[in-house]
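Next up: the structures, one after another.
In the two complexes below, subunit A is the common chain; its partner is subunit B in one and subunit C in the other.
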Partner chain A sequence: MLILERRPTPSRFWAWGTPFLAVILTMIAGGLMFAILGKDPFEAIRTIFWDPLFNAQFAAYSRPQLLVKAGPLILIAIGLSLGFRAGIWNIGAEGQYIMGAIFGAGVGLAFYPMEAWFIFPLMVIAGAFGGLIWAMIPAILKTRFRTNEILVSLLLVYVAENILASMSLGLLRNPEGGGFPGSRNLGQYPSAANHELIAGTGMHWGVVAAFIAVIAAYILLQRHILGFQIKLAGQAPRAARFAGVSPDRLVVLCMGISGALAGLAGLFEVAGPAGQISIDFNSGYGFTAIIVAFLGRLNPVGILLAGLLMALTYIGGELAQFMLGLPSAAIQAFQGMLLFFLLAVDLLSNYRIRVPMLMKEAR
Partner chain B sequence: MTADVLLSIEGISKSYHGVKANDDVSFSIGAGEVHALLGENGAGKSTLVKMIYGLVKPDEGRMRLRGADYAPAEPREARSRGVAMVFQHFSLFDALTVAENVALGMDNPPPMRQLAGRIREVSEGYGLPLDPTRLVGDLSAGERQRVEIVRCLLQDPKLLIMDEPTSVLTPQEVNILFGTLRQLAAEGTSILYISHKLEEIKALCDEATILRRGKVVGTCTPREKSAREMAEMMVGATLNPPERAAAAPGPVALTVRGLSVASPSAFGTSLREVGFEVRQGEVLGIGGVAGNGQDELLLALSGEIRTAPETVRIHGRGIGHLGPNERRKDGVCTAPEERLGHAAAPDMSLTENALLSGAVRRHLTKRGFIDWARTRAFAEGVVRTFDVRTPGIGTAARALSGGNLQKFVLGREIMQEPEVIVVNQPTWGVDAAAAAFIRQALLDRASAGAAVVVISQDIDEIMEIADRFAALNEGRLSAPVPTKGLTIDQIGLMLGGAHGMHEAEVSHAHP
Partner chain C sequence: MDFYGINPAVLIASLMVASVPIMLAAIGELVVEKSGVLNLGVEGMMIMGAICGFITAVHSGSQLLGFLGGAAGGAVLSLIFILLTQVFLANQVATGLALTLFGLGLSSLLGQGYNGIKPPPTGMVPYGPLADIPFFGRILFTHDWMVYASIAVVAAVWAVLKYSRAGLILRAVGESHDAAHALGYKVIRIRVMAILFGGAMAGLGGAYVSLVRVPQWTDGITAGAGWIALAIVVFASWKPWRVLIGAYLFGGITVLQLNLQASNSFPIRIPVEYLAMSPYLITILVLVIMSSGRGKASLNAPAALGRNFHASR
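This part shows the complex of A and B:
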């Protein structure tokens, strides 16, 4: 039997060490899974983690994809991490992401075919607003009626998906699209397009916004009283009330920030890499961002690195599907393992494991 | 007292992370002896009793129980050898009955009906009447302690360890407990009694072992020593009783009128029409047994519970509707009872905890941005001025001992120079030296013109520092009376006497 002993203060070493340990454990368990599926585990891991960046054949396509995928993940995860730190669980970023895309694209399409400098900025504001109001629904229900924000935000994802389908088929459908579902391609509408800023890098405004969000969140958490209140509310809710923090205000604020950032991510995606509103526009960034937030220890810099890593598994996973014929479910399971192991080894930062046979000691 | 040795402890040592919590501790307890274990917080008392109870294993040394080697690997083994312990913090479930709670703590509980009968029998036999069918959530703190004691007595212990048992009792309840303990001792049960209350130790204990920094620094017969002498042995220095510069109280600073508050927790006590006034330079002591509305009163004064504006007034201005930070701006600082989790965030550093309540009055933020340099300076100031023993201000609050954290919390509030300061249980679980220091600091604050409200279960503390006394009983506050000339008995009656003891007193009075 093992004994868990609480550490007097959380271990700094393990706080930073656990993500790396989790990645290693995921590689081992994932490798086993790939082996059981009849694939060479070493080749599969190499295809996922190495080839997208350094294989001469694929890197030219894959490298820019890294930022394209990491941008929305980081942007959403930064927003989520603030709430998670305060003990406010927004699980519905996917829905807020969809609503941001619909609002943003809707504003852009409303101006079509006019060309003006202010259209894209307006779309950015509309995108943030769309995500914000979608997040306000669980926030206000929680503060007014004490509903559970986890359930409400999650279920609103499915509502948003249905609105997305209805928009693709109805209001936002391309009138010149021959009846196919999906909106006009914003990539072909210069005033509304979110172009690659530096050719061949994948850098677009969404990536810039993600970097800005990382820096802003870092400053908020390190230097601003609001960041302190967020951390305090998560760690010691009664002490937070003693410090004058209003829990309801914090719920609205954290849900609002995470919703707005998820909405922004949706807008940048629809106006850039995706190009149009379509039934299958959303691809799970809002859920994967939850993993990114935890993998990054809810720390802005950690999230930046975790977002890049997770983007790599996305791209490498696609590559592995394509090259090795791995099923996409295996790739998703692989990503899920990462969160699973992270949460499991997280124990080490607050607890020490003792084997009573060797050392009989308890506090 | 007999010459038979029940438990002997020989050269016990125990280290945590290189710090010696116990260093070559030896003493023995005779059969039927009431033995006091005295020492400041961090002196090693808890570690020592944990080793006796099998919760911790010593690094060196050995123990002998009735002549046989005794090295319990776990509490279960300690209990089977006849060692029982009543902890300072109760481990009871509010939503279960007395009998169910007792059964949960037993290794081989008998059937419930039989157990209920045994509980009645034992509890009445020792003058601690308990109804086995009542919900623990409905019991007073004193009654809850009886549940713990009866749970131990049902196992027929040879040695009963009691950790700070009187901190939650009214004076009358203390007398009843002492009656029980004396009866047990007369029947041959030994008692190891841990307390800071030296007068109680004088009244109850046959022998005392004094620990300082993990070592035995002396033994004495408490009856032959004064409380002062024992305290000085504990601390290793001369102690001065708190003093204050006499000053006429100024105008009224804090007025509370018709304050009724529903308790936020299910087993809490709602406040009913509480009213009092405190003048500048005055100390009001609010006594009462735990769970009679103390927490709710503090929340209502700190601003964590908001009420109508006119129910709480400072210098005549209504502040009942304001939150904690707005009240701090107006000069009201508070220190809740629960240090970890309420007054301080356990995992945060002392610097961050200094910011927690000090941000407003000490101007630790500028346009919302934290001035960490100022915050660190403030935390350093508190640590230095209030002699908080810590490796540094970067240490997490939960790594500090109770007494040191309390000094930090009180220091943090007092150094904000509040005009009104409200503290709940300022010296609970704090050693004598730290308690004297905290009381002196509160008196100094009063001398500097603040209105001080001390909510405490420690009657001696209130008598020592308060100018006036009011009792909080079931959410109602009695009219404050001057402390000068009050007797302990009068206070006890104001506190509601001994809860649930009327029948027992009658039956004992007329056997």
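This part shows the complex of A and C:
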């Protein structure tokens, strides 16, 4: 029988070691799943993790995609991680992402076909605002009425999805689209388009914003009093209250920041890679970002790396779908598995595992 | 006696059917939360139940086996939750989310090739003349047996929690796991059984969606029903009979908005999307009402809810 012994302080080694261990365990379990599906597990893992970057045939297409997919994931996950650290669970980032896209695209389309330098910056502000107000709903309900923010933020995702459908069928529908759902393509409207900044890299304004968010979050958590309060509120809520940290203020700030960042991610996606508001615009980035935040251990630098890795599973998954006929749902299950293993091996950083029989012999 | 083409007897009869999945999932989650565990993976367990039940029913041709398969699917997924939270002491909120994300992915993987297939038909209970009673016959005696079974489950949970020793122990574990442990009760074992029950009920509810309510398989078929079930537990302030009321309320709203979508004679035309979002909006509204003011639901929450137990001595 094994005995768990609480460590006085979390292990520094395992704090960095667990994500790697979890990825390896997920590869093994995922390989088993692929084998059950009748695919060669080694080939599948290689197709997902190696080919998008180093295969001579596909890398030219896949490498830029890495930043395109990682940008929104990192941007959303950075925001979520602040709340998660303080014990504030915003799990409705998907809805905030949708609302950011609708607000931002709406502002852009309102100016169509005018060409001016200020249109794109206005869209960025509107996108952040859209995500912000959508996140403020659970935040204010939490602070005013003590309503559970987990349930409210999640339920608002379904509301946002319906608003998205309504917008792409009604208000924002392309008047020259022949009655098809979906807005005008922002990619063909130069003042509103979020173009690739350096050709062939996949780098667009959303990726720039993601990098800025990583740096800002790092400074916030390391150097700013607010970052200290966030960490304190998560680790010792009672001590935080005695130290004068207002829990309500933290809820509003953490929800607001994560909502605004998710809204930004939505705006950059709709103006760039997606191009238009359509019924199936959202692709689950808001939920995958939860996995990214945990994989990065809620640490900004960790999230940067985790976002890139998770983007790789998206691209590799598409490649495996194309090359091996691996269903896309298998990748979704694979990503979910990763979160399981992360949570399971996290035990190692907080507890020591002892084997009583060996201890007796040692005496 | 119709209102804008909506017959009240038909409306009540169909809301009883519509509320079965959320009622089953919510009563299961109520037991889980009463034992002090917060399992946010209801949506994931429901959809696993939906696909497992569907596959079992299609291959066996028996609806009963389908429901059993659904319950098993939900319970198997909840085993992962048990392993992570009760053995590896992982955070319950994060693990519940992981369960939902994984369940959604795995169910759509398992469901490949089951789109567009019809499950075996629902076996109607022979009511004889009972069904011909005006109004009440239509409301009470036109359902499949699961409608009655789900109400029976609510009654059973209420009776066990209120009157039996097992229910008392379960509540003790949920209120103070340390005190229960000191009295010699096996906290982890009791919680494991509660979580398994919750998983089986969520799976059963999911199977009802794919076998009776829809009835076919599409990805994401539960469409947030699991989250509404979680909200209903809060709405019910952890009391079994209020789960029934809550489920009927939300079943009623779902059916009413579907009827309004189809109704041509209703004076105001509300766009379909705004009708479709109404169950979620009203859930939020009810949560707000329940969590504020004098009747604070949170005061009734099990004291050890969401806290992991680790016997250090």
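Note that the second predicted complex is superposed on the first by the 359 of 363 C-alpha atoms of A that agree within 3 Å, B and C clash if a C-alpha of one lies under 4 Å from a C-alpha of the other, contacts with A are read in each partner's own complex, and residues count from 1 in each chain.
One rule holds in what follows: contacts are C-beta pairs under 8 Å (C-beta built on N, C-alpha and C of every residue); 3 or more make two chains touch, one makes a residue touch a chain.
As the structure is a computational prediction, the values presented were derived from the model and not from experiment.
Peer 1: May I ask you to decide whether A:A239 touches subunit B, subunit C, both, or neither, giving the answer as first, second, both or neither?
Peer 2: After superposition on chain A, A:A239 lies in contact with subunit B alone.
Peer 1: Classify the contacts of A:L226 with the two partner chains as first (subunit B alone), second (subunit C alone), both, or neither.
Peer 2: Only subunit B is touched by A:L226; subunit C is not.
Peer 1: Is A:I163 touching the first partner subunit B, the second partner subunit C, both, or neither of them?
Peer 2: A:I163: touches subunit C, not subunit B.
Peer 1: Applying the touch criterion given at the start, work out whether A:A110 contacts subunit B, subunit C, both or neither, answering first, second, both or neither.
Peer 2: neither
Peer 1: If you stack the two complexes on chain A, which partner ends up touching A:L53: first (subunit B), second (subunit C), both, or neither?
Peer 2: neither
Peer 1: Identify which of subunit B and subunit C touches the larger number of residues of subunit A.
Peer 2: C
Peer 1: Please work out whether A:Q335 is in contact with subunit B alone, subunit C alone, both, or neither, and reply first, second, both or neither.
Peer 2: Touch status of A:Q335: second partner only.
Peer 1: Hey, which residues of subunit C end up touching subunit A in the complex?
Peer 2: Per the touch definition, subunit C meets subunit A at residues 40, 80, 83-84, 88-91, 93-95, 97-98, 101-106, 108-109, 111-112, 219, 223-224, 227-228, 230-231, 234, 271, 273-274, 276-277, 280-281, 283-284, 287-288, 291-292, 296, 298, 310, 312.
Peer 1: So in the complex, the part of subunit B that touches subunit A is made up of which residues?
Peer 2: Of all residues in subunit B, those touching subunit A are 16-17, 55-57, 73, 302-304, 323-326, 328, 334, 336, 338, 341-348, 352, 355-357, 359-360, 365, 368-370, 372, 395-396, 398-399.
Peer 1: Subunit B touches which residues of subunit A in the complex?
Peer 2: On the subunit A side, the touching residues are 8-10, 223-226, 228, 231-232, 235-236, 238-244, 246, 360-363.
Peer 1: Show which residues of subunit A lie in contact with subunit C when the two form their complex.
Peer 2: Spelled out, the residues of subunit A in touch with subunit C are 4, 6, 37, 89, 91, 141, 144-148, 150-152, 154-159, 162-163, 165-166, 169-170, 287, 290-291, 294, 327, 329-337, 339-340, 343-344, 346-347, 350-351.
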